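The following blocks contain the structures, represented as structure tokens.
First chain A sits with chain B, and in the next complex the same chain sits with chain C.
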Partner chain A sequence: MSFQPGSEAGFPAPPVAAAGPVLVRRRRPAGERIFRAASPYLLLAPAALVIVAVLGYPLYLLTKLSFQEFGLAALVTKKGTWIGVDNYTRIFRDHQFWTVLLRTFVFTAVNVGLTMIFGTLIALLLTRLGRFMRLLLTTGLVFVWATPVVVAVNIFRWMVDYEFGVLNWTLTKLHFGDFLNKDWFADPKMGFGVITAIIVWGAIPFVAITVYAGLSQVPAELVEAAEIDGARRWQVFKDITFPLLTPIFVILTSLSIIWDFQVFNQVWLARGGEPEEDYWLMSVYSFFEAFRLGEYGFGAAIAVVMVGFMFLATFVYLRQMIRMGETR
Partner chain B sequence: MKLSSLGALALAAALLIAAVAASASSSSPDRQTATKVVIWLQNDAESGWKEMVTSTNDAFRAKHAGVDVDVQYQGWGDHLTKFDAALAGGTAPDVIELGNTETTRYMAAKLLQDLTSQAKSFPNSKTWLAALKDSCTYGGKLYCVPYYAGARAVIYRKDQYKAAGVKSAPKSLDQFAAAGKKLMKRYGKQRNYSALYFPGQYVWAGLSFVYDYGGKIAVSKNGKWQGTLNSPQALKGLNRLKSIVKALSRANKTTDEANPQQSLVFSKGRVGAFIGNGWEWPYALDEKVGNPSLKGKIGAYPMPSHIAGKFMPSFLGGSDVAVPVTSKNKALAYDWIRIFTSNSSMRKLATIGKQIPNTTSLASINAKNPQLAPFANASKYSWFVPTAPNWVKVENARVLKNMFQAIITGRQSVKKAATNASSQITKILNQPVT
Partner chain C sequence: MNRRRAGRIAINATGLLVFAIMIFPVYWMVATAFKEGRNILADTPQFVPTPATLSNFSDAIHRAYFWDVVRNSLIVVAAVVGFSMVVGFLAALALAKFKFYGRGAFIVLILGVQMVPLNALIIPLYIQLSRAGLTNELSGVIITYLTFVLPFTVWTLRGFMLGIPKELEEAAMVDGSTRFGAFVRILLPLVAPGLVATSIFAFIQAWNEFLIAYVFLNDAQKQTLTVWLAGFTTQRGTDWGPLMAGATLTALPVVVFFLLIHRRIAFGLTAGAVRG
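The block that comes next holds the complex of A and B.
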């Protein structure tokens, strides 16, 4: 016992000194208090430093850029002109911004909604399946999860291809009408349907597997008791399963919102690197203004506004989480 | 196993060669040996006239022993985005090909090296095509060297025209439409057959209809630009285009002429004609990606105007080569350009690439060749984009592609799409140049 304080500090304690521990113990409180108080911060410091370096600094640069007029010539001179909030006033006057913003909100809502609904349904299905089918379905889900976005988008593009797509062929063969030479991207609503399918398809596994993990924690007695009391399946889900899993659903929904609000790759790849205006979401809009039109300051301002919205979503989610922790 | 060990062997060999080369260059007293000149050319050169590039590089290497040339081919869709990023990152090439509609903005931003003082050191500088030289001149100074020009003509299947009963090349737009209808009658039952393959975002051929009816993209008045695609003349042209495409084309309405390459679609047999550049004719016959059996079955004629006997104005496309101000090997870059635009290179460009060389002194090559004459003739009646510094932003913002797609898919009325595009063009062209 008497060795412990010494070895705790990382030094082999002198075996003879019985007074040692006493001395240390007497000196410790002041040092220990400081150390105790500082240690969480010291332990957090490396992570915080990394976050500041890889997130904070770029964000600072982005914000700085958003207050400048930074065009093509500035790329080489590396000097933008400070123009205050002009980029921001320009954004809010740009009717295209509002169109894109609304479109992004609707897009996020639809995608998150569909992902959550289908993910939960598949999770519920998993609990009712036999061992073999469950394994098969889980494997399938993991494969979907593991498919890189680029590959997935290209597969979907081939399936809905104008000339050779299997979808047009199948629909025609099934007598749904003449789908030969149907261009799925001609009408943005249809096109977004395809993009939504790609995103929801790719996002379901995460939701399904997480919800399934949560479902397995729901006490069977509760469900049983409810069923004995005559509750129907929907009622069991609504009154027992869902309330118990609310934290999981909140986390999944918030994460999905964060992911779907900033979708870029799927739109970009599905439209062959040149999305039409009708396909612009916030991220694409920002990229186009900055990198296609060489308006880096303006593009940065759009990105900052986008970060603001994301921050809002994260804030609501964090508050919810903290509140939940308090009530428990 | 076999393959991987072969790969390992190849890798080892490559490493060995690299090591030897590295030690050779480091032991050499001449520091220049480590130099590499990076060239960005568009992939048209790769598919159309690669021999010209290879021979230029060979001649360049022979002249500058130890200097390496690295030609990197780029696509039109995103090469400027890449170029901008490379400029910012300090990794811009030593020589870049720019389309003649793309140069103005870079000249205005002073990102291209001023070549005025040494203009005469470039071959044929006195006889450069005026249109190309104009695209290299800004504020009276020369910032790039003309590379080639190209006009589009109708490239068609002679055998299909004959079988459908079209006896001679159409002399007016009405005849062109009538010929197309005959083709559709004869071959239209084939799925995806197009008498005229015209993808929905084919801006450069589409705008020719606007100019044929007397319309323009934009006009400049007292230093202010005004988009004019919704003028009555322009609308007439766009309406005519829409009806012709609707009747004759089953091409994808949401892609452009390069995705997929229209000449390759043509080579697959289900296309009667398309509007293309000179190089797209031999490309359709390419042994690897095209269809060599079409040899002798292909012809070309200039696109006829709605006025009988005249040609429809063709977009005078083309390219220039420039040296970015950031280049550290400017002298070498100039020399590469000199070889690249020499007479012998230009001859290759004309005969192999079927393009119009950068100098009027070689015009006779095109006139004598039946495969080149239609394109050379088409170039005599040409139009060009507004020469505003911000023009390339109109292209980059896809204003015109969006307009044509909206018209050809029928998502917007011709008038609405043209009015939208026009106001966007007005807005962009009048923005301050940054």
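The block that comes next holds the complex of A and C.
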């Protein structure tokens, strides 16, 4: 039970429980036992150290910063000024914060809702397609899944370009109205429509493929039995499939909430690195205060509030994973 | 019978429509990349690039710093993947194959930290790195990428290792191997596909990352591919042809890798979620 060089080279080491009856173990030397007890900790140590250094310490620093006035000058002197909860009272008095918070909530709800609905519908569609069409659609989904966000945003910006974009041309041709030279980002509502399209389009494949994988594990006998009993398709989904897949839906929904609540890149890039205030979500707000206005302490406080709001979704996610025994 | 057939056709037609809608943006990127300039800026969009040209690709490649940023991206990705695979493998081994006090807590921790948003951490990370003088250095970006690549690697590798039946290892040990021998001969070959899949997924994550590289790397020469690509957009009057060619080149390795491994990843995420 040690790293005996002989056994690697092909010389069989003595079998572990060779002596005596099966259940009687040879007592190993104390040093070996300690090594064995310590080995999982030794294996974990490097990862644990790195995680503490790159995640634990920054989280601590973030919290500390949120109680400090830490401007550009502090970046040079490397010292902030302790101001207690002033950053937080400032946030909660800032009417912009409440606007951004509300906007982020609505944005998250819309994006998560659309992602889950379309993802599930496509998963159900996949179960009923012929072999060839299923392969085709799955491959298409994987292409979308693989598209980097920076690439996706640029494609959509090009498609909705006001002058030569394919979208304006198509909508006009299909008689949805006069869309020629329509600037989609002039009105934040329309602009967020485009951003939502980018996010939902990119998120559908993960949901669809995961739900489809779950659907294919649902025992066929259950569905058949229900159909023989005269259940309609919708009833089968509602009463059999959905309850069986609830764990998957809980996980996917909480993950989507976590991801969509912190959306940054899509907004930032769609607005060319200068999002107008009407386009700010929580993460953009925090980033802008810190890196554009040099108010690192205030930006950190916003980030702490953001993490706090996401804690609930994280909690639901973790609880579901623990329940499923994934963490055993 | 006829009605059933009509239903099947309708379903497959819906499938085709969904496919067309989903794939269109990707198609549009590639099609635009191959179009001639005057066909890109046309009042009536040209749906098939005829005549096709490679000039947009050569424009993109000959743009300033293209090879620099490709090299930077490769350095960052190689370092991040290499480091987190080694460290992550050891940790995953401990979590999957040993019983010890504190294991459950560590697993929950690994899962939990993956939920901490990068945008929240970027402020303290920036301050930490600027204190260490590592802003505008690739090494700073490499260290920072471990925040999201390492926990993911540990988690995924552990999943793959759990999938290997204990009996196999035990059988090997009964047959006279040591634990290490069983590990090398039984576990390692079985877990190899998982190692490949995980490192590819880690590659994709590091390759696609934008925000950290954008904030930390200021010199055009030191940036990564995604930041370089985003830089196309700030100029007035975007040059769509070369931009789409650059986007195609950025997405290409990711798409190829993804097609190879997506089954394993989708499975790894849901394995055990349904118990019929």
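Throughout what follows, the second predicted complex is superposed on the first by the 268 of 328 C-alpha atoms of A that agree within 3 Å, B and C clash if a C-alpha of one lies under 4 Å from a C-alpha of the other, contacts with A are read in each partner's own complex, and residues count from 1 in each chain.
Here is the rule we go by: a contact is a pair of C-beta atoms (placed from the backbone, for glycine too) under 8 Å apart; a residue touches a chain by one contact, two chains touch by 3 or more.
As the structure is a computational prediction, the values presented were derived from the model and not from experiment.
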So in the superposed three-chain picture, is A:75 touching just chain B, just chain C, both, or none of them (first/second/both/neither)?
both
Going by the contact rule set out at the top, does A:295 touch chain B (first), chain C (second), both, or neither?
first
In the superposed arrangement, which partner chain does A:162 touch: chain B (first), chain C (second), both, or neither?
first
Let me test your reading of the model: by the given contact rule, A:272 touches which partner, first (chain B), second (chain C), both or neither?
both
Could you say whether A:94 touches chain B, chain C, both of them, or neither, answering first, second, both or neither?
neither
Hey, is it chain B or chain C that touches more of chain A?
C
Applying the touch criterion given at the start, work out whether A:264 contacts chain B, chain C, both or neither, answering first, second, both or neither.
second
Could you say whether A:43 touches chain B, chain C, both of them, or neither, answering first, second, both or neither?
second
So, A:86: does it touch chain B (first), chain C (second), both, or neither?
neither
Where on chain A do chain B and chain C both make contact?
70, 75, 163, 272-273, 291
Interface residues, chain C side, partner chain A - complex:
8, 11-12, 14-16, 18-19, 22-23, 25-26, 28-29, 32, 40-45, 87-88, 90-91, 93-95, 98, 100, 103-104, 106-113, 115-128, 130-131, 143-144, 146-147, 150-151, 154, 173-181, 184, 204, 207-208, 210-211, 215, 226, 229-230, 232-234, 238, 240, 243-244, 247, 250-251, 254-255, 257-259, 262, 266-267, 269-270, 272-274, 276
For chain A, which residues are in contact with chain C within the complex?
1-4, 7-8, 12-16, 37, 39-41, 43-44, 46-48, 50-51, 54-55, 57-59, 61-62, 65, 70, 75, 78, 122, 125-126, 128-130, 133-134, 136-137, 139-152, 154-159, 161, 163-164, 166, 169, 201, 204-205, 209-210, 213-214, 217-219, 222, 244-245, 247-248, 251, 258, 261-262, 264-265, 268-269, 272-273, 283, 286-287, 290-291, 296, 299-300, 303-304, 306-307, 310, 313-314, 317-318, 321-322, 324-328
Sort out for me which residues of chain A touch chain B in the complex.
69-76, 162-163, 180-181, 183, 185-187, 272-274, 276-277, 288, 291-295
In the complex, go through chain B and note every residue touching chain A.
77-78, 80-81, 84-85, 87-88, 105-106, 109-111, 191-192, 200, 250, 252-255, 259, 325-326, 393, 396-398, 401-402, 405, 409, 411, 433-434
